[in-house]
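Structure first, then comments.
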């Protein structure tokens, strides 16, 4: 395979520039395990997302993708190394960030519309305006009929869409998404991807998008990070040079797309297999 | 070996019930071969209920309960009479020098320990004897001790009836003075028109029937104590009492005891006209006594004391 | 079997749904009747046994009263008033003290629970003092309050407050600590200030904790007020009980307690109403769910 | 397109036979919505899974897939119609069933091994044996190193794998799975699919498998149910005649497979689009 | 800048992690010291103010005692014993009553909470009676218990039981009702019998509810036992308080209360130990998490 002819260009690691939207610099994070030992979740992790850049993160399950996002939001603190957002060290949970959690984090006591309107209301938008905006976003994610439902009255995919609307409505400058579309059917997923790309280009937002779907990653991203198994660190970074705007429904048939996906896939597969054999090894 | 005898005392640390603990301290129960256990219960009702329920054998409490209970068809008898005066004092707050006698109670709020208690009846009796009507004054149940003192200090009561050591405490600080003293037989006669037997040892009438021997032994022990009290100074008596009962202020305790020692009968015998006075006081105010025939002879017996005194 | 056209079929289906739903509603109604019936049956059985026991002197009515005697007592209080004035006045006085104590104690408990629950350092430092305060016998506190606040309403309210405070505090505190961390994080990221997090995440998620404590603590407030009246009062149900006790009037004691119980039930009903309103978002357990 | 030449054969609706493993017969289920109205979740729903059959269910999000599984487990009761499992009407929650919930339902106070051992222990297997079995299954899902971890110390994908082990260990005769693999990366997913197929053929189990991944559905199933949007009902049923045993890593490149997927995909797409436009319509 | 070889780099990294972790541990230790320091500071400040207030008669030591007086009292009890016998005997008696009452009340409350929480019909029928029972003033109950059970230990234990029962019941009941329905369903499907569901899903998920109520209710049990001793006893801390009250010995009253508080704290410490053991699976809140 000739990397140079390809749109995917493998980048080398380097200390992140000061003006990056997100800069994770040589971070290690360790958790205390139940038996009192320390377990390294990610190690020597360096990652930079420039302003307005769309980065995707792929890697075997349990490699530290969610942990990385939690570091950026300030929900977790690195053991060593440091994390900067918009040039400032992360000390507290930032309001400039939008975060779609991997698990459900809707407010169960609020109806769909109250959940979606929460962000604007928290930020001081007048009530009427906040609800108008919320209604608009609920319609965009296709849940207009379910405005008054409570989360437990929705299906899994519907709840995820409420979470998306809840985040998108704030039009964050930095958008972190942890497997946001995995509970959606293909068609809805495509619609959401288009919505996301629209938002991203309108807002000049910086996005970190975690997914298991490599094709999705390649279709959306400017840059794909492939993480290693075990204690996660960056294995390789690919720059995706497919032209924009991209139309989700068509891009998958683009031969360039297929080629890129194949290259990254081979890279990733090694890791995943490694991760599995690690899991199996320790079983003895 | 004797069976255990349990006696409830309506406040072991109270001077008016002092003979109970003193007997224990002097070892007179043991001398009689009795195994007596004293239980403290400051709420009078508990004591009577327990006695009636048969869980305890005797109670050290006010004689008037025997009269009251008879009106409800329950028979209990005083077998040793500790005092011939109530040991109560009507105190008047220093803030109200205009109250010079119970006749001035009109419009005043008077403190009593509880509604329906002896202090209630005695206070009302004092007022009526001095020409007032029910309704001319207000009664306020304030308990005894700290809460009584606080009520005086906060001027929630202008006068009130209480016992040692509350009396001594208020006199010491000068926040109240004695209006009517009922700690000695003479002064009680003057105030109520007769002896007023108060602290006594009573048991269920039915119990006496099958426990004559124990009753006699108990009477012997108590009578010995009454004699001890009569023949010793307040100081000597106080020395015999547990330290907690005068907690750091022994002088005040002794002083109170010296002032109130005269209330105790010298021989444990019921004063002759005492029961009538009690009945008179009670029947004036107690609803449950109205229209009931009380046989006073069934409320006490001097048989055991007489035997003990032989 | 005759052929059915699609429209007929659809109509038949619609009907069968309506029927099924009507049946479900009927089942609900029947269950309600059953519950009320069972409650009454138990009540009647208990009262009947009590009365019989009293009649045959197995339960000594001198100590434990009897339903008929209690009823006569209540009736006489209602028609002739009590020795301290009309019955409703006694109820009113006690209810006022209880209510004030309940509200102050509950609000205080909730506030303290939230503040300490949200701030680990404060919790570590102060919770030990709250534990100490909770071990103080209320009867002793009662006399301290009378000394400090006088014999008026204040001391009874204070006693009701200390009965309520600790229960509500303990639950509010734990409820706050239990709030889902992902939800708090989500609110924070959505832009909520600490105050907004408290009002829109912490309080709703601690709500069932707080409500559980309110259920039990209204009874406690009542107990506090009554004990306060026991220690010294001019009016109130506590005084009524204390007077009845002093007069060996067991019927009076039990009658007053029954009146207290009715007061508690009325308030309990209101709290349940409030609860149903507040937690209407809650999913029904699977086994109780049905169209 | 010529359906007859294809391995996918569209079946017609019919009343289910009495001896089916699962028989849902003309079921309608309605929920009470927040404004007190009734909302039909599924209507006139008929579905049969024969003993030893592997059925997949696909359909747009919110169409009633999870609801259908809940009907089979007995967690929900139909408003009209009836549901039979192994010939008996569903009256209570059955122990013969294995159910992988869509959302997390692990016991947070139990470590991974205690979670996995729960089923055998509940069913009275001796402790040592139950734990041996549990250790085996934990290794099979690649989590041997995490035996002692609590669920909150695992990543989303790891939790899902624990749930799979928890269900598989009981070797249920009837296996219901609600989007079990959507949180897994491709490689892990393939491994799990193989594990599932192994279990299925060993146990002669009957499986109902809900997924949004049509390819997954076709690769695994004997029969694919396509549901309609809105109040869900069965739109069409396809019999997949691909030969068994199927190897997950290869089957996707089988031209027959691709053809079948395409046909069903067209069928499904209509529905999804309909579902979306329904959602949008009501927004006005 | 000099070039560093990869091994050196790795070694440097490992060192920096060790350093970071040591720092984290040091921070934890520092915080612990801070908490203890603040607690002590508050205690000293309170006692100091109290003592000063008593010295200058702003706080009347006759009513409210003084720290030095209290200390003397405790010392004299320790060295010379109380009027009722040695101090440890009083503590032992009260502690025994409290403990029995606490254990019985808590177990009863938990059992009733679980049974009613798991069975909607029973809950609908019986919870109204529990509410009624909870509104009965404990002081009155005290007299009833004394009549029914005598003046021995039983009546104090019974009083402690009724103080504890309702709080624990209310929480256990609600805790059971709050158990996650998906988790119950999962257990059921995994093959759990109703009893197994109760022991392995319901109880663990209601555990933090139950523990919260245990924290507050040990204090209540203590209060119940002391009130019982107030009403009639020959031994125990309640009698000690009652005697001190009767003798205007404010120091004695407060000294006894402080002894009670210490007892409560010791048990509280044990409950907290138990709690930490039981809920060790619980995730730390995000903001308190740190390697």
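The first chain written gets the first letter, and so on, giving A, B, C, D and E; residue counts start at 1 in each chain.
The working rule: a residue touches a chain if its C-beta (ideal position, glycine included) is under 8 Å from a C-beta of that chain, and two chains touch if they have at least 3 such contacts.
No experiment lies behind these values; they were computed from the predicted model shown.
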item	value
Contact distance in steps, from subunit A to subunit B	2
Steps needed, at fewest, to go from subunit B to subunit C via touching chains	1
Of B-E and A-C, pair with higher C-beta contact tally	B-E
Distance between chain centroids, defined by C-alpha means - subunit C, subunit D (Å)	45
Centre-to-centre distance between subunit D and subunit B (centres being mean Cα positions), rounded to whole Å	84
Inter-centroid spacing, subunit E versus subunit D (mean Cα positions, whole Å)	48
Multi-chain contact residues (two or more partners), subunit E	63, 143, 147, 185, 230, 245, 283, 286
Contacts with two or more other chains, residues of subunit D listed in rising order	31, 75, 103-104, 111, 150, 153
Residue numbers of subunit B (touch at least two other chains)	45, 49, 53, 145-146, 149-150
Complete list of chain pairs which touch one another	A-C, A-D, A-E, B-C, B-E, C-D, C-E, D-E
Subunit C residues within the subunit E interface of the complex	31, 34-35, 38-39, 42, 63-64, 120-121, 124-126, 128-129, 131-132, 134-140, 143-144, 147, 166-167, 169-171, 173-174, 177-178, 181, 184-185, 208-209, 211-213, 215-216, 218-220, 222-223, 226-227, 230, 238, 241, 245, 253, 257, 260-261, 263-265, 268, 283, 285-286, 288
Residues of subunit C that touch subunit A when the two form their complex	180, 182-183, 185-193, 196, 200-201, 204-205, 207, 279, 281-283
Complex contact set, residues of subunit C against subunit B	62-63, 83, 143, 146-147, 150-152, 231-234, 239, 242-243, 245-249
Residues on subunit D engaged by subunit A in the complex (per definition of touch)	31, 33-35, 58-62, 65-66, 102-104, 111, 135, 138-139, 142-145, 148-150, 153-158, 161, 178-179, 182-189, 191, 212-214, 268-269, 272-273, 275-276, 278-284
Subunit B residues within the subunit C interface of the complex	44-45, 48-49, 52-53, 68-69, 72, 74, 114-117, 138, 140-143, 145-147, 149-151, 154, 156, 286-288
